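Note that the chains are named A, B, C, D, E and F in the order they appear, and that numbering of residues resets to 1 at the start of each chain.
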Amino acid sequence: MIDLGKYAAAVLSSYGITLLLLAGLIALTLIRGARVRRHLDQLEARRTRNG
Amino acid sequence: MIALLKRDLSLSIRAGGGFGLGLAFFLIVTILVPFGVGPQSDTLRLIAPGILWVGALLACLLSLDRIFALDYEDGSLDLLATAPIPLEAVVAMKALAHWVTTGLPLTLAAPVLAVLLNLQGAGFGWLVLSLLLGTPALSMIGAFGAALTVGLKRGGLLLSLLVLPLYVPTLIFGAESVRRGAQGMATTTPLLLLAGLTLASVALLPFAAAAAIRVNLR
Amino acid sequence: MELVVNNLSCARGGVPVLERVGFRLTAGQALMLRGPNGIGKTTLLRTLAGLQPALEGQISSPPESIAYAAHADGLKATLSVAENLLFWARIFDTNDITPALEGFDLVDLAGRQAQNLSAGQKRRLGLARLLVTGRPIWMLDEPTVSLDTASVALFGRAVAAHLKTGGAAVIATHIDLGFSAQSLDLTPFRAAPQKLNDFDEAFL
Amino acid sequence: MSLWEYANPQKFMRTSQMVLPVLTVLTVLCLTAGLLWGFFLTPEAVNFGSTVKIIYIHVPAALMAINAWLMMLVTSLIWLVRRHHVSALAARAAAPVGLTMTLIALITGAIWGQPMWGTYWAWDPRLTSFLILFLFYLGYIALWEAIENPDAAADLTSVLCLVGSVFALLSRYAVNFWNQGLHQGASLSLDKEENVADVFYLPLLVCIAGFVLLFITLVLLRTRTEVRARRVRALITRERMA
Amino acid sequence: MELVVNNLSCARGGVPVLERVGFRLTAGQALMLRGPNGIGKTTLLRTLAGLQPALEGQISSPPESIAYAAHADGLKATLSVAENLLFWARIFDTNDITPALEGFDLVDLAGRQAQNLSAGQKRRLGLARLLVTGRPIWMLDEPTVSLDTASVALFGRAVAAHLKTGGAAVIATHIDLGFSAQSLDLTPFRAAPQKLNDFDEAFL
Amino acid sequence: MIALLKRDLSLSIRAGGGFGLGLAFFLIVTILVPFGVGPQSDTLRLIAPGILWVGALLACLLSLDRIFALDYEDGSLDLLATAPIPLEAVVAMKALAHWVTTGLPLTLAAPVLAVLLNLQGAGFGWLVLSLLLGTPALSMIGAFGAALTVGLKRGGLLLSLLVLPLYVPTLIFGAESVRRGAQGMATTTPLLLLAGLTLASVALLPFAAAAAIRVNLR
């Protein structure tokens, strides 16, 4: 592990918060994407079934 | 009654429902003040407790007319007045809903905005505590004012004028406790007074407000 | 279950509009209020519903027995049809909104936000609210405004069913609702302009 | 074939489907490489100590925050002029990404401010304009969410984006006029004199590339979702009418 | 002076509701739009009045010839009846409001604030506004809501007079207005669900 | 067009019409601030220009949603959109009416309230001048925001959020010119910038606003 000196808290929390925010954004993107896609597939299936 | 609370909350969370209206306004005030008074951080530090409390108070004031006006306009208030729950309970629930959608978010957001105004570190705890104690009084007093003005077309102006003097004690005790806290002085007295004010208004004002609504409906 | 109105006078905006109105309504009966625009039908209904005090006279009805439907429907634009009904059902302690939805042909619209309804659909929702109040006496102010013929028939059936189960209804309307009921013309009860002889009577 | 064809939803879906895997791999590579390099393999700087490592997220995020707004401006214009739906949806998709970037720049900046300037927040022009940019993003997203009719929402948000951009520029000048700042000047310029040493510079470039790729990937993903959501809406109304 | 509508499709809230509507109206004619609640009468009138773009089709009418009266009356509660009318008269560059006041029996109410009118009186005022627009083609959305029989007759006479002086009117209504006119049932024009085969058509 | 202006003015003067709403709010803010920050007159003097401008801005912000919302709700806006005057002119007139009922009274009242906040004597003239130059921009920008949100149920929150960042330059130039004026420094630059801002918004924003209204009506 590298030595960050007296600024460890600042550097680590910056990286931590950034990764957290990015992870949150990516997760939201993927989750909403999957949900919309599932909904669409469902609708398309119903549509082709009913003509 | 729970149904009423739930409805009011879900109404205010819906698109354009006014949830966050108070919060947004609070944000606006605290961001605009530095643009106005200038960026010097020691000036800002000096006025931070006062500005934060004034901002919170304005945010409450601004969202008051929604407490009853919308229900009055679409006829719901007529229907609620003839419903099997007492009007006092309706008032209390609506004030509670107002607090949950305004006072509570304000309290939670205050520390973040306090950073922007360079509040001293010691003041943060007192800021949250004083807002937590004081905002219920703001909501309840406001509900009373809203009840007085509910029948009037665009009673907004009157409402602000009526409620303003009623808010002054809350503001003074609230801001004072934060200022003392920030400077490391004792805060017990203003906080106790603040709590007393809140208790008294929650206990008494629903009755006055319900009476006012009855008069305004007829 | 009886609504008795005796020698009732009522005012609107501080001006007396109706005087000495009297009638009696028992379970299973409906009463049509008729009269030209501005005679005071809305005023009378609001007085009966307890929203404003009578100037004079008595209204006797069982407590908490009146459901009032005004010109305005009391709908929340951002709530769905079902949510609107469910709210009123909870307030009035009834829990089932299906009869109301079915009674006014709202099942298909249940998930739609109230702001996206057409004028007639909104009105149907306003009327459906009456069914979830569970109250016996309905006070209706021009209930069929904006309704098409089919919906008016639906409304007629709802009222008939309500009367059959021991309810009663007072309905202010200008048009023919297609079912028979006694009717009361309010024209004769128009308040006479008062004499103002001395200062004691300056305050109407 | 003209560029506009990519504004056809189907064409867009097909193309983006093809490029996305590549982009994802590149993003992951660039971003991890850049961040690891920056975090573990760079020395401390003279005046900054180890806090200089914050630069590897702070600067790319700040750059992307501004570029995302520029991209929204361009796509909004395309929507207003050519009325290509995908364009409007891309603007909508980019906004939350831009918002996150702004937030990251603000937060890392604030954290950096404490050791460097002794305060989390100062009303420095650069910081202040970022706060304003943050508000613009919030307003833009809120407007999209508030309007139900998607075409109306696209129109109104585009107008807001246009007017907002003008006012954002104005604010930048106003804020400069109002306060002289503490913040670093631009040292990424091509003029080698001002630039930071290569040890800091190269990993920073990799990080910036990583953030750019991340932005593109996310916007593509989100635009695909928006297109699908539009189709869902269309199918639902179709069922309702049937 | 002619209104020609050709192959018109219109949408509400992004959803097509009517398709291929066509008709032709010349001076002196009135057209009744009929159809159940929610079919799209209001939508059609708004499209004709130019408040929303048509999805497809043409509307040809002389420029600035249409006066629209919606479900809402556009009254200012704190202005008096005369002031409300006078305002619209000024906007439309006509200056005399007496014919409008007389035509809808509002002379006695002229000084009353609009908020103190009953539902039917408000509606009469809303209709009187049409007379001060001086425009030849009236688009009326359920004009007789809340009106009593006498007022409906008044309205009938106003429309007849308007037609006689070379005007035209399109009226959406559910009830019988007591004067004869051609009528157009919108039910057959309900928009059929569109085929959605691939993403090209994702955007309705 | 004159008729529209006259109507809007007389509507706002009628009972509860919102005339004085802005003024009252301005008063409220300037009265509350000393209660919040404490009564020390040198602190107040320091922040007076900023608080006065922020108060004026909030007062404008607060009354914005009345510009179009009431006309939208009662159907007048539909009718105006089909009337023989162009919608751009309607927008401009309504912004003007808003300024006459809000900006102008604010400007006139500002010196009085400045006394409460102990503004330096040199600042009074600059305060009035800067408000006179700046408030038209506030009204016009606000009308644009109101046009964007007119269709939305309770668009108030959104409106404040959208308009806030747009107000920043005006606020900065305005408050800066008063601050400089109060300290006897040159005020030409900020005042010129302020005037330019106002001219540009009055010239361009009516078109954007009218476009937004057309979208919202359809």
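FYI, contacts are C-beta pairs under 8 Å (C-beta built on N, C-alpha and C of every residue); 3 or more make two chains touch, one makes a residue touch a chain.
Remember, predicted model here, so these are calculated numbers, not experimental data.
Q: In how few steps can one go from chain A to chain D if every step must land on a touching chain?
A: 1
Q: Max contacts between which two chains?
A: Among the chain pairs, B-F has the highest number of C-beta contacts.
Q: Among all chains, whose Cα centre is located farthest from the one for chain C?
A: D
Q: Counting only Cα atoms for the centres, state how far chain B is from chain D in Å.
A: Taking the average C-alpha coordinate of chain B and of chain D, the gap between them is 36 Å.
Q: Once you find the CA centre of chain A and the CA centre of chain F, what distance in Å lies between them?
A: 41
Q: Quick check: how many Å separate the C-alpha centres of chain C and chain F?
A: That pair's centroid distance is 44 Å.
Q: In chain A, which residues are in touch with two or more of the other chains?
A: 47
Q: Where in chain B do residues touch two or more of the other chains?
A: Residue numbers touching two or more other chains: 15-17, 31, 35, 38, 153.
Q: Do you know which chain D residues sit against two or more other chains?
A: Residues 135, 146, 148, 178, 231, 235, 239 of chain D each touch two or more of the other chains.
Q: Okay, in this complex, where on chain C does chain B touch?
A: 46, 49-53, 64, 66-68, 70-79, 83, 87-88, 90-93, 129
Q: What part of chain B is in contact with chain F in the complex they form?
A: The contact residues of chain B facing chain F are 15-21, 24-25, 28-29, 31-33, 35-38, 43, 46-47, 49-51, 53-54, 57-58, 61-62, 66, 70, 152-158, 160-161, 164, 167-168, 171-172, 175, 179.
Q: So in the complex, the part of chain E that touches chain C is made up of which residues?
A: Where chain E meets chain C, its residues are 13, 35-38, 42, 71, 116-121, 124, 142, 145-151, 174-175.
Q: Of all residues in chain E, which touch chain D in the complex?
A: By the definition above, chain E touches chain D via 13-15, 191-194, 196, 198-204.
Q: Mind listing the chain B positions that touch chain D in their complex?
A: By the definition above, chain B touches chain D via 15-16, 31, 34-35, 38-39, 41, 44, 115-116, 118.
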